[in-house]
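Mind having a look at this structure? Questions to follow.
Lettered A, B, C and D in written order, each chain numbered from 1.
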Amino acid sequence: MIGYGFMGAAHSQGWRVAPRFFDLPAEPEMTLLVGRNAEAAKAAAEKFGWAETATDWRDAVARDDIDVIDIVTPGDSHVDIAIAALEAGKHVLCEKPLANTVEEARAMADAAEKAAAKGVYAMVGFTYRRVPAATFARDLVASGAIGEVRQVRANYLQDWLVDPQVPLAWRLQKHLAGSGALGDIGAHAIDLAQFITGQKLTSVSGMLETFVKQRPILAEVSGLSGTASDELGDVTVDDLALFTGRFDGGAVGSFEATRMSTGRKNAFRIEVSGSKGAISFDLESLNELGFYDATAPADRQGFTRILVTEPQHPYMEAWWPTGHMLGYEHGFSHQARDFVVSVVEGSQPTPSFADGLQVQQVLEAVEQSAESGSSWVATSGTD
Amino acid sequence: MIGYGFMGAAHSQGWRVAPRFFDLPAEPEMTLLVGRNAEAAKAAAEKFGWAETATDWRDAVARDDIDVIDIVTPGDSHVDIAIAALEAGKHVLCEKPLANTVEEARAMADAAEKAAAKGVYAMVGFTYRRVPAATFARDLVASGAIGEVRQVRANYLQDWLVDPQVPLAWRLQKHLAGSGALGDIGAHAIDLAQFITGQKLTSVSGMLETFVKQRPILAEVSGLSGTASDELGDVTVDDLALFTGRFDGGAVGSFEATRMSTGRKNAFRIEVSGSKGAISFDLESLNELGFYDATAPADRQGFTRILVTEPQHPYMEAWWPTGHMLGYEHGFSHQARDFVVSVVEGSQPTPSFADGLQVQQVLEAVEQSAESGSSWVATSGTD
Amino acid sequence: MIGYGFMGAAHSQGWRVAPRFFDLPAEPEMTLLVGRNAEAAKAAAEKFGWAETATDWRDAVARDDIDVIDIVTPGDSHVDIAIAALEAGKHVLCEKPLANTVEEARAMADAAEKAAAKGVYAMVGFTYRRVPAATFARDLVASGAIGEVRQVRANYLQDWLVDPQVPLAWRLQKHLAGSGALGDIGAHAIDLAQFITGQKLTSVSGMLETFVKQRPILAEVSGLSGTASDELGDVTVDDLALFTGRFDGGAVGSFEATRMSTGRKNAFRIEVSGSKGAISFDLESLNELGFYDATAPADRQGFTRILVTEPQHPYMEAWWPTGHMLGYEHGFSHQARDFVVSVVEGSQPTPSFADGLQVQQVLEAVEQSAESGSSWVATSGTD
Amino acid sequence: MIGYGFMGAAHSQGWRVAPRFFDLPAEPEMTLLVGRNAEAAKAAAEKFGWAETATDWRDAVARDDIDVIDIVTPGDSHVDIAIAALEAGKHVLCEKPLANTVEEARAMADAAEKAAAKGVYAMVGFTYRRVPAATFARDLVASGAIGEVRQVRANYLQDWLVDPQVPLAWRLQKHLAGSGALGDIGAHAIDLAQFITGQKLTSVSGMLETFVKQRPILAEVSGLSGTASDELGDVTVDDLALFTGRFDGGAVGSFEATRMSTGRKNAFRIEVSGSKGAISFDLESLNELGFYDATAPADRQGFTRILVTEPQHPYMEAWWPTGHMLGYEHGFSHQARDFVVSVVEGSQPTPSFADGLQVQQVLEAVEQSAESGSSWVATSGTD
């Protein structure tokens, strides 16, 4: 595993826990954690349960006893690590968004395609697909339960940037993070909307807004965080992204990604309606799915609050008895499970790097639209 | 109409509004309002829209141009007015609880039975039966949608007595009010539970509790209210009633009535579960009914939040388009409508005085159980 | 009252009920109902409780014993009636949207301004401002309870057009209705967002979509409805409007109006967040307001579900005890009350025709933006 | 660890995960899993991640390299194992309910008291105390945030026994399970109500009911489960327990435990109200706590939905960023953490065996009350 921030903890939990609940064709071994700061890496490895550490990701790529490289670093370093790993014959799991630019993402997707021809696979970590309620939403839509999909409403709302004293960390700097709320959480909204509907966005019209334009710069940087100084620096990414989009199957969607929605901590809400029904999901109630069946008797229609904890639901047979809740991190166990199964079976895990590239193209199209007065931009616009 | 408190306003609204939305076989005329205090009665009549006033209810009973007597006074006066009115050939609508004692209630029920033989009808005002979601709950249960009924959970929670400075008004004195939370709101819980399940309580085990044992007595009484003095007097009714009961159809229920449940303003919640499903209702969301269908596919089961605002739902065709909400007072329009229809058709309106007597018997059984250490008491125990 | 459709019933209920609960400086008399079809008008007058009927609105304008003209006809007739009434010295209450075009709305606003100079007043019926929870939301925001307003999310979702067999009634024809979801319910979203935030939209970027492009034409038209024929006609208005907007106080908003959101009956949801808090409202739970106070202790923050039924809340002292719910129609009583009070006091009621014109300008700007590839259009763009 | 059923999986996850998120003074080693069936135990050990297996719990007690015995067997075996382990100087964590009878529980509590004098500690696994929202509820009540506690409403509702074809497993047989819903989930309700209020139940009045009186007996028993036969056997435990209780601090509570509440999967709801506020918790929304502050301004009062995911909340600093949800199993990590910290520090972990005994006494008092017509029984009644 390259990197050891918040995502490092989550991925580690996934690798550790998956084989305890699922029957895997191979048992993951948590061999090596890589971090540039040797001491911090060592502390993280001990905490997260990795056997060894290194300070250069090339060491991991070079080792024969390592089969899988898990990339949880900031977006600007994904491209180099992933391509080197794939070329060295390592399977790769890479956190989202795939890269900071379409160009990088395309290079990665190309490398992944070549590797796949040799049985070496790459996957991008859009983990929310593997929240059982989200997977089940996809299943319902795919089964025709809501008919022809017409409308999508996807809002990913957080509020950790409301306070103007939150300092200017890497996620607020365009050259490191690529974009702000758009790439950080809007990418999830795009991926999940496409996953659930089975349709791809073909064009978008959007706007970006930065409400707090300057923030305290970090005095000392330690790893990825640090302490705030008195000096202010410019925020170069968006606090809010609003966009509308058209899908290739005829649906229309509205999207919002914000880190300034006071009171919403991690409210990723997605509603999809069709000619025969609708589904409704909120990550703040992640074990629930709302389902409306417009074919039911008129006096019994309504949104059904399905507790997605039955053995019949995706992934749930492995866990607890009905009604016992899963949490945020379980998606990472499901991701680890599916990745291991695909790789050992010799099949392409999803979402692929090509899927990650496509999301990156949508993100770029939103940025281009925002720069050109919200005019419509095709999601393959840079070709 | 005899009386003009809060219930007077609600009943007046029912008589006024019902003919504007429903097709009635006769149009109610709001002729005479009776109150002991002439000035207050006059003010109320003007406010509520009654043509004339009087200070003695006997005047109303004596008038030939009056066909219906509507009783909204405190419980201790129901018996005299209702019986005199019925004997004078007036149809009677009487607020709940029917009376303060089983004896009074029995006399009223007897009078009603005699009157009905002559085509003169009496009805008791358990209005919540006529909240469309509650009526629809009854319909669902009666249709077998939840199978054999097994469990009932009925809580009626208010909090207006939490403040110990609330003075010692008539509702807190046993000789005027009969009982406290038990008769005031517990009576609703009993009636609605029996109405929805179609089963009658046969025995109960209960307890009563008074948390605030003394309150400021009223210095000057003006009508039914007044101002608090410095002197304290004893509260002689319950703040809380808790009881369990067995129904004649095999169901078991738990009941709670309290005016001390901090934060619950008018939370009348009733849940009924059976061998094939369940329903869930909360008066704080009175346009909604929760329905669980245990015969649905296992992965799609859940409580469906039915907005009971479709034209297919009880009473709703008369009102607004789908999704437009009703309020508390609409139950009184429905009550007025059903009363007028029954009386003009010459059929017994429900709930009858016999139904009111039965609720009174349950209330008395709860009090007897509470006095005898929560031992079980049959609801017909006083016979 | 000119017109007698769904809005006629609602306005009638407002005029009838307001004086029974509020102390008004003058008592409304329901004198004359006007409808082109004499028989239908007569039936409506009887149902809604109006004394007389006429078939030409000019009769109403000409009568000396009429002080107020209430216009509840489709939008294309508003301009003529309202201007004639104002010029005749009648106070006017006109349903929203004010008109079908900015030109008409401007003429009406000009006439209203001239009339106001003579003490004759005009008001437009954006009734949802007078849902107590919405009024209270405005009060909270105005008091600074959520700090500087930054984001608005306003969705008005219905689903009565999902069924492709719903016929081509006047609301689906541009020359009669002006626009589709946009003007019908989007107008409410615009007005309420501006009302609550105290900010005006200055520019918008939007799109319109019609999912069901043809519908059965009406065989026989009777009043405003009729029966469907086998022949299909073109739907000339939008099923869905999506737009983003910038407010003059720096806030950014996203708006959605749709009559195709399966399962949402009348879900008018508005969320406003600011630097210190947020509010959240849903018309499907119209007695509730969500309020988030970001200045509370960190471990006690959360959205508070305020039951807006306390005597301290707007309009509520006139109604029932705490916890007793209001319904959809109560906004019309509040509107009647406020209109009568303003007019008798000789002050301008709000929202004025100038306010209605401004909403019309926003609607037009959205249409212009939609026609020009979602580019930004100033809301005063037609000047 | 002795046993390996559902609770075995949960405890294993707790031991495995706790040290990865919390800083523990000692690292748990998962040494030995004991199960009577050697093969099944071996499979479980592999699955749950234990190094070795044995078939006799005495082997575990005899080993010098084992410091802690974790008991997750059915209740009838707790007494022998726990006492032997404590006498052998092993710290003990024992699943709830502590035992099947008060006598057994008392022997265990006595043994624990003696062991504690030597620095050997015992704890009973009422894990729900360690759901952060429940712990925080306790903190709020202890801080006086709801004033003097008056009412408790605790319902633990499941529905897995609604189906009459569910076979007669050990949990439905009195000699193995002690009681039915009462001991299985009612024990949780008792413990959590006492934990949150800081008050102990002193007397109870209750009833038990068995709706499905016969079920298919198990043809072949394999471990704790098996396959159903055609023959029916008697269910000797309750499906439903309803009881009321008085607390030593003056509060009054109502309790319900049922495995027949159709549609409720694991709905453990507890509401506590006091003179200044109230709290509300539902295990089906385990990351949330409702809090009502009756000292807030009258127009801003309401239940606040606190997402208990802030670093200021109990246990939460160790986990994910704000708004990222925990699941059912996290309580077991918190339990493992607290147990390890207490034991290494040499202090008594809570809940102690004495606490477990007290819960057992309440359970027995409920059974005695149910047998004697719901008369009140003191919770120390067997002394």
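One rule holds for everything that comes next: a contact is a pair of C-beta atoms (placed from the backbone, for glycine too) under 8 Å apart; a residue touches a chain by one contact, two chains touch by 3 or more.
As the structure is a computational prediction, the values presented were derived from the model and not from experiment.
The set of chains in contact with chain A as well as chain C comprises B, D. C-beta contact counts were set side by side for B-D and C-D; B-D has more. Chain C and chain D have centres, each the mean of its CA atoms, that are 54 Å apart. Distance between chain centres (mean CA atoms), chain B to chain C: 36 Å.
If each chain is reduced to the centroid of its CA atoms, chain B and chain D end up 41 Å from each other. Within chain D, residues 264, 301-303, 307 each touch two or more of the remaining chains. Per the touch definition, chain B reaches chain C in the complex via residues 6, 9-10, 12-13, 16-17, 20-21, 47-49, 158, 160, 264-267, 283-287, 307, 309, 320-330. Listing the residues of chain B that touch chain D in their complex gives 146, 150-151, 153, 155, 159, 162, 205, 207, 209, 211, 240, 242, 244, 252, 254, 256, 258, 260-264, 271, 273-278, 280, 292, 294, 301-303, 373-376. Of all the residues in chain A, the ones that touch chain B in their complex are 136, 291, 293, 298-307, 310, 312-313.
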